[in-house]
Amino acid sequence: MNQFGRYFRVTIFGESHGEALGVIVDGIKAGMSLTLGDFEGDLARRRSGAPGTTPRHESDLPQIVSGVFEGHTTGAPVAILFRNENTRSSDYAKLIDHPRPSHADWVAAQRFEQYNDPRGGGHFSGRVTLGLVAAGVIAKKQSSSISISSEIIELGGSRNTTDFEQIISNAVRDGDSVGGVIECRADGVPIGLGEPFFDSVESIVSHLMFSIPGVKGVEFGSGFAGARLRGSENNDPIIDARGTTATNNSGGINGGLTNGNQIVVRIAVKPTASIERTQQTFNFANRRIEPLTIGGRHDACIALRAAVVAEAALAIALTDLLQHTQK
Amino acid sequence: MNQFGRYFRVTIFGESHGEALGVIVDGIKAGMSLTLGDFEGDLARRRSGAPGTTPRHESDLPQIVSGVFEGHTTGAPVAILFRNENTRSSDYAKLIDHPRPSHADWVAAQRFEQYNDPRGGGHFSGRVTLGLVAAGVIAKKQSSSISISSEIIELGGSRNTTDFEQIISNAVRDGDSVGGVIECRADGVPIGLGEPFFDSVESIVSHLMFSIPGVKGVEFGSGFAGARLRGSENNDPIIDARGTTATNNSGGINGGLTNGNQIVVRIAVKPTASIERTQQTFNFANRRIEPLTIGGRHDACIALRAAVVAEAALAIALTDLLQHTQK
Amino acid sequence: MNQFGRYFRVTIFGESHGEALGVIVDGIKAGMSLTLGDFEGDLARRRSGAPGTTPRHESDLPQIVSGVFEGHTTGAPVAILFRNENTRSSDYAKLIDHPRPSHADWVAAQRFEQYNDPRGGGHFSGRVTLGLVAAGVIAKKQSSSISISSEIIELGGSRNTTDFEQIISNAVRDGDSVGGVIECRADGVPIGLGEPFFDSVESIVSHLMFSIPGVKGVEFGSGFAGARLRGSENNDPIIDARGTTATNNSGGINGGLTNGNQIVVRIAVKPTASIERTQQTFNFANRRIEPLTIGGRHDACIALRAAVVAEAALAIALTDLLQHTQK
Amino acid sequence: MNQFGRYFRVTIFGESHGEALGVIVDGIKAGMSLTLGDFEGDLARRRSGAPGTTPRHESDLPQIVSGVFEGHTTGAPVAILFRNENTRSSDYAKLIDHPRPSHADWVAAQRFEQYNDPRGGGHFSGRVTLGLVAAGVIAKKQSSSISISSEIIELGGSRNTTDFEQIISNAVRDGDSVGGVIECRADGVPIGLGEPFFDSVESIVSHLMFSIPGVKGVEFGSGFAGARLRGSENNDPIIDARGTTATNNSGGINGGLTNGNQIVVRIAVKPTASIERTQQTFNFANRRIEPLTIGGRHDACIALRAAVVAEAALAIALTDLLQHTQK
């Protein structure tokens, strides 16, 4: 289902080239000020324009349809709509017979029996994350005691940020794409959020992180590197009565519950599957292996625009946890 | 909530040193043969005994309390109980004042206001995964078309399996612990399971994997390594009408849906937090930093016993997806 | 949460006098034809106009925003929007100090701390059932093997349909309102839908029926009258191998599961709380009991327009049950 | 699924003649005292013995398996087990071919393809409500500010309590059964619980009430009788700043939310389907209509024992609402 959250519930809808896409957010407290201006910052961070991002430009102006009265939330669901404007569906005509490698084209056709909207990936498009970012803005406002930040810590295999620009321009030059790793941090998270086992903070946060198109890995604290350490190296000594720890290899989570330290989560974003460079794929019409050159407009590195989406995911997950942690 | 699954629903309960622990599994089809013998194999794999596992030995005999009549499932919930036998609670007396670093002790005390059962971690204990393994056995039977396997591919930082035994014995010798990486694979998974976005296969599987104590990272296909590749290297070319791909960097999942190829998921298991080696922690009673030497009985490497738990998690997740994928 | 359904999931949003209201329906099978024409019939039945219905006239034209491509459902969520046009908010100014008896005004103000949209009841308005009717249309199409009908069997205390017109006009004349009882029937329902206990068909259907504003009672089969019979009178003898019963006092449901006979459910709809006739209420501003005469525009009998809403509720509930009944 | 509740979650399991049945309750606050003695009162009220109740006597001693440490809840799930002792399965042998009219026998056989446990109705048995009563005890303790009571207000068609004893003994004498109406009341309920639409208090409470075997009708406040009144008669005037109303035809609920007044809900309990008196049914073996005389042991009036179950249902529903009402 296109929905996340038990108490702070986010429902997304829409397609890349449909009339509009959007989000419904339920479980918002009444009386919170909410205006279009609140969305500008994060939507701008998600918007394309920088080198390595798609030449498809959308104004992405949100329209608040419900749940706000005289500038404040009413406690009813907030519906936000984004009209699609700059659509060029013609680009996608040939993709029905030529599924793009590592894209949803082929499975979507199987699953939805050719009825999936093929234009720009339809509902599978990363463009649908617009609603996620809008919901993230509301989550950040509702959980204002928590501050969330993100950083691209690895791009095209390099952890040296000064290389990033060059790595991107090389990828663009080669009609290719690169992946990256985004680190998100949350400060000011209360102690004891989450549940042991099935609703651990890692479970809830990863559930949402893996719903971002292109994310293929999620780790907390020392993560995969921690699995190479010994317990004596990886354990975080508690140094005061507030539970502060000398190190944070646990990423702020023990036994599935927040421990009051900074939450640290990293996500692996794969290189964009859409590349201009010629690839081989199967033509379902003539049943031959054929070269495919993808036109259309796409990002050489989705990690660039995914950072703010990941922040939104973390904000939404923590806001839901804040509400469904048993008192 | 101590529960996972929308259609194939698993509910766990119990504590490490309580009277019993167990699991309720709902959504089981009627008429499936189910006997105690079905559980033996996987429970044996989870049981301690091998070098590096806890000296606490439990027979772990399951007791089927409901949902089975004359050797077949009835369609009603199956309740399975495991009695705790070999408990030595005295070991844990001092942990209330001396929270074990990187353990749930401290957060549990905060969250449950000192009422958490402190014996062996109470409900936070890895022992509660017994119920998960039992549910996994049922999931594997119900989804018999899917075959699931697992392998420890990294231990204490080494990917050379011939080193594993030595790495473990060194850790035990040093009163320390090591972590590892487990890879799970699922073959025979139908095409099109999952949903784009919030119920992506990665979301559902990771949700459950991260509920296994000690898991701090989850990746699919090429995962974090894939984020270092270019699109032209990471993409999986489709080579036939069945959607078979030349490579499987996607780990069998595109756009959140299964693509018919093998599902590959890896989990990072941290080194056991409980180590005999002396650590520093905060004594909440006298408010001093004090050395802590953990008695009790524990594993030098939980990854050894977690492999079958991870298989269970994957089996449960896929069984639930098999049922809640819209037709 | 403003949502119903596990597999066939309906999410509503909007306010009586907001910009728009609507519904998101998820879990729709791909490839079902869906056009605006499909909605006309049921929306017309819900629309006002007949004697006893509000003089507020809305065209209620649905706008399909997503989930449909070239006239067929894609398998992605269908979002439907209705613009509010004929709003006269001024009518509602004084209701903040003068809560209407038996209305949501007072509790909404308490719950949402004065932030609830007071115009026409805001999100509490019966107008929000527009989305429910639209979702019902989709449910009826998806569960086309089931045929659903409804009838007003009691109005203002009379079961004689020939009296209904007079009863309504008298109520209007007196500036008063009347209630009624609606009976819904479903034919062609497969055997075995539902679950014993918490997801009994009665549980699921009543859950949705009681979400229709004004419904204060729900009964199945012989219902309250059956409680006055003896077992020998109320039991339904099985007369053939298909399980057909001589009588249908069970309303098509035994042990919480459908038995293959017609499902019969009746709902009690209270008389409209909004009446022109002067009532006493408490003025929160001056803390006096004061007479209240409600202007605005309302129905003298909401049962008239609720019948199609009840059909929608039954269709949605059965469609969800069709999908979440374990196979 | 055999489960109710979002925050205060109740999961039941077991069969009438299986080894044991029970309940898991999750979402219990930590530190609440809980002992076996807490269950005695309500379990005794549910137990048989009075005229008109089954001669099958069970001690119904609860066993607390988990979630309680040193007499207090730990915050982990509480599992409670009841062993079945006094089982006489032989009674039910012939019911496979001879489904009891208005019983689950026939639909259960269809749904679960003959694998349903036929002994005493298996999981469909009213005996499974034992777990519901136990969960109700915990709910009442957790929501101690709310006081819940119940009363049988109608039996065999009479509202004169002095007739009840005679009505029962006549039914027993005739080998027949009678139904009844139970009224439950809750005092001390905070204002504003519930949600407009799908999680209205009526929706949540009726969902649970209709999961009690034999319940075929639910009404709140004036209910079906209110549908015969005019708005001017049915409306509840607000008489003070606390929202107190002069009458309570709304049953304490407006717009789906609690209004602070007493919650009043009535349920119609059908006459026991199992009667000794000879009935006609279909013999699936020889495909003939045959007379059926039901042996076994049953209640002449399940309403007698259902009152405490209905109280439990109301307590569970309100406890869940107390936790999942958005703050």
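The first chain written gets the first letter, and so on, giving A, B, C and D; residue counts start at 1 in each chain.
Everything that follows uses one rule, which is that contacts are C-beta pairs under 8 Å (C-beta built on N, C-alpha and C of every residue); 3 or more make two chains touch, one makes a residue touch a chain.
Fair warning: this is a prediction, and the values are worked out from it, not measured in the lab.
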item	value
Self-contact between copies chain A and chain D, residue sets same or different by half	same
Rotation angle superposing chain C onto its copy chain D by C-alpha atoms, nearest 5 degrees	180
Computed distance of Cα centres, chain B from chain A, in Å	26
Computed distance of Cα centres, chain D from chain A, in Å	45
Intercentroid distance (Cα basis), chain D paired with chain B, Å	37
For chain C, residues contacting two or more additional chains	1-3, 12, 27, 75-76, 111, 123, 196
Interface residues, chain D side, partner chain A - complex	6-7, 27-29, 75-76, 196, 323-324, 326-327
In the complex, chain A residues that touch chain B	1-4, 10, 12, 99, 101-104, 106-108, 110-111, 121, 123-124, 128, 154, 156-157, 171, 174, 176-181, 191-192, 195-200, 202-204, 206-208, 210-211, 213, 215-224, 226-241, 243, 245, 249-251, 254-260, 268-275, 277, 279-282, 284, 287, 289, 303, 325
Footprint of chain A on chain C - complex, ascending	1-3, 9, 11-15, 18-22, 24, 26-27, 30-31, 65-67, 69, 72-79, 81, 111-117, 119, 122-123
